[in-house]
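The data blocks that follow each hold one structure.
There are two complexes below, and they share chain A, which is joined by chain B in the first and by chain C in the second.
Right after this comes the complex of A and B.
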């Protein structure tokens, strides 16, 4: 039962993180290029997402939206909620990296004829990612931990199962198992980012 | 090697930064194969001139015609034009996340869509010529300043440009590395590549230039053959500028006088 719960936590977490990266990258680029109009929408979204708790956002998705006629499944709510929150945090993490790429680097890219999209892909984003990696890794880990709120939308994730077991009374073992389970899921991610950071540094940054 | 053909025609070029006029109506024609060296005090607009030529700065007036094409047309496809105009910067600006070879291949492969074997052969030929083929897999931070600048020159050359712009390319280098970079440029000059070179290296300017432009306050003050300019500048402004480079001599003479007085 714990294994199934861990699997659900991992799956929901992965989807949430992956979609957050897509949303975050998009928002960061919009803000970086100051795309008219869209940047205001993105700005409003980021403030809304970052300044409300995930639990409140999930409540709105799961209990609020059906009143407005839109019923989402628990899993959809969980992924949408996590992406809503994570996209905003990652947007700011990416933006920090984008701002760190020098004007001169951009001019060097332009001078060999790269167009806007190529410039982003081959020059700006790779450098920005390397710079913002510590912030990205902190955010991803934070998001994975936030999945523990999913139990409120009735998803049998780790937290949910543990709560059930706790009601039955075997508390010490369950608590320990819960800690170990989260550690088993998140620690490898943390180690992976540490490895990635060292590798990128070796690849020519922080000269 | 200078043919009669004009590759670049600049007419009454004007550029302002906010309220300050940096280029105040500049007219200049560059012929194919010509090596044009631009000197002048800092802030005279010489770097801005180069940057206007490949669209890194927008212009406020006048015309630039390059190979029959009006670059001052707002519809200019700069990505196309820049493939034909190579530029080398003062601080190299190699991409730090790519190796020397990847830096060089980025333009030919991604922008020009050339085949890898062909682009690689071109890169090998140029890198070998500047003595850095064995450093092709090094990242920029593993190279010295002089090596980085030579790679940056090759990065521009690998696109087969019709004209090269050099913007104070030795200004950030230690003195012993200046030579290795200047030698590369001298070699290119011998082969008849059209070049616009902004520099503070007077001895180099004299050696490499077919023609020398002295700029001050956004205008061309003198346009002469280098030997004429250095031996007998026509204007008082140019004379004063050249005197800056004789600082050592003046200083020594003053020192001698003081010694004599003691």
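Right after this comes the complex of A and C.
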């Protein structure tokens, strides 16, 4: 039972994080290039998502929207909610990295004849990613932790199963299992990012 | 449509109850933030020190707290303490305890970062000018560390406010829980109740956290140079 629940937590977490990265990257690039109009929308979205709790967002999605005629299933709700939140946080993380790429780097790239896409691919993104990696890893771990509220949209994740078992009264084992499960999910991610951070220090990083 | 919004909020004691819920939310966050600062500062100083054991022990504590979802900690303290040591804490005490444990750990890390980021020569120059150890702390280290610290602390505050809805799970009547109760009661009569109530809560959280975020960003920009 715990394994199935852990699997659900991991799957939802992965989807949420992957989609968040897509949304976050999009938002960060839009703000970086100062695309008119879209930029304001993205800005408003980021502020809205960053300054409200995930639980309230989920409640609104799950209980509020069906009344307006838009019914989302629990899983969809969870992923949409997590992406809504994570996209905004990651956008900020990416933006910090993009801003840290020096003007001289971009100009040097242009002067050796790279086009815009090549510039992005070979010069800007690798450096930006290295700089923003600590922020990204903090955000990803934060998002994985936030998955613990998914039981409110009636998904049988780890917390949900734990709550069920607690009602039957064996709280020690349940809580221990809960702690171990979350450690098993989050610790490898945390270690992986630590390793990645050490690998990705490009020349000039941190100076 | 707007009628139904007003009628939900005006029905019975709905609006005052929401405000009471907001009170609980704010109480938990403010008390825990205050306690976190009180505990976190000495913790951070200890973590920055070169004494043997204490820093690595605190590091371990910090990593554990960071990896655990707050919800798990709440469950741990709410259900297990009473079972094993017969310590029965109220939901409010448990929430404040857990939020303080978490906040103090994060605070400690912020303080450590601020203190260790100060260049070594600040101490040395202070000492060279003939200031005593404590004078160096009061006039040189603390003013600079506070500047580096404040944006992070404010950020942590909003994070804690945004995490308070978790107390919902241990049945504390905070803003979200009260909202849910209201929706359950009036949802049958007013179909749009859930939209309005959760919408209102969404806006309340935004109105609390947004100004704080702006303040943090402003301070960061102003003190950067």
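To be clear about the criterion, the second predicted complex is superposed on the first by the 201 of 207 C-alpha atoms of A that agree within 3 Å, B and C clash if a C-alpha of one lies under 4 Å from a C-alpha of the other, contacts with A are read in each partner's own complex, and residues count from 1 in each chain.
Heads up, the rule we're going with is that contacts are C-beta pairs under 8 Å (C-beta built on N, C-alpha and C of every residue); 3 or more make two chains touch, one makes a residue touch a chain.
A quick note: this is a predicted structure, and the numbers were derived from the prediction, not measured.
Residue contacts after overlaying the shared chain place A:130 against chain B, while chain C stays out of touching range.
In the superposition on chain A, A:68 makes contact with chain C only, not with chain B.
Of the two partner chains, chain B is the only one that A:108 touches; chain C does not reach it.
Looking at the superposition, the partner that touches the larger set of chain A residues, chain B or chain C, turns out to be C.
In the superposed model, A:122 lies in contact with chain B only, and not with chain C. Legend: residue contacts after superposition of the two complexes on their common chain; A:183 is shown touching chain C, with no touch to chain B. In the superposition on chain A, no chain A position is in contact with chain B in one complex as well as with chain C in the other.
On the side of chain B, the complex with chain A involves touching residues 54-56, 78-80, 82-83, 85-87, 89, 91, 93-98, 106-107, 110-112, 139-142, 155-156, 159.
By the touch criterion given at the top, residues 47-48, 50-57, 59-60, 63-65, 67-68, 141, 145-149, 152, 159, 162-163, 166, 171-172, 174-175, 178-179, 182-183, 186-187, 190 of chain A touch chain C in their complex. Contacts from chain C toward chain A in the complex involve residues 66-72, 75-76, 79-80, 83-84, 158, 162-166, 168-169, 176, 179-180, 183, 191-195, 198-199, 201-202, 205-206, 209-210, 213. If you check the complex, the residues on chain A that touch chain B are 104-105, 107-115, 118, 122-123, 126-127, 130, 200, 203-205, 207.
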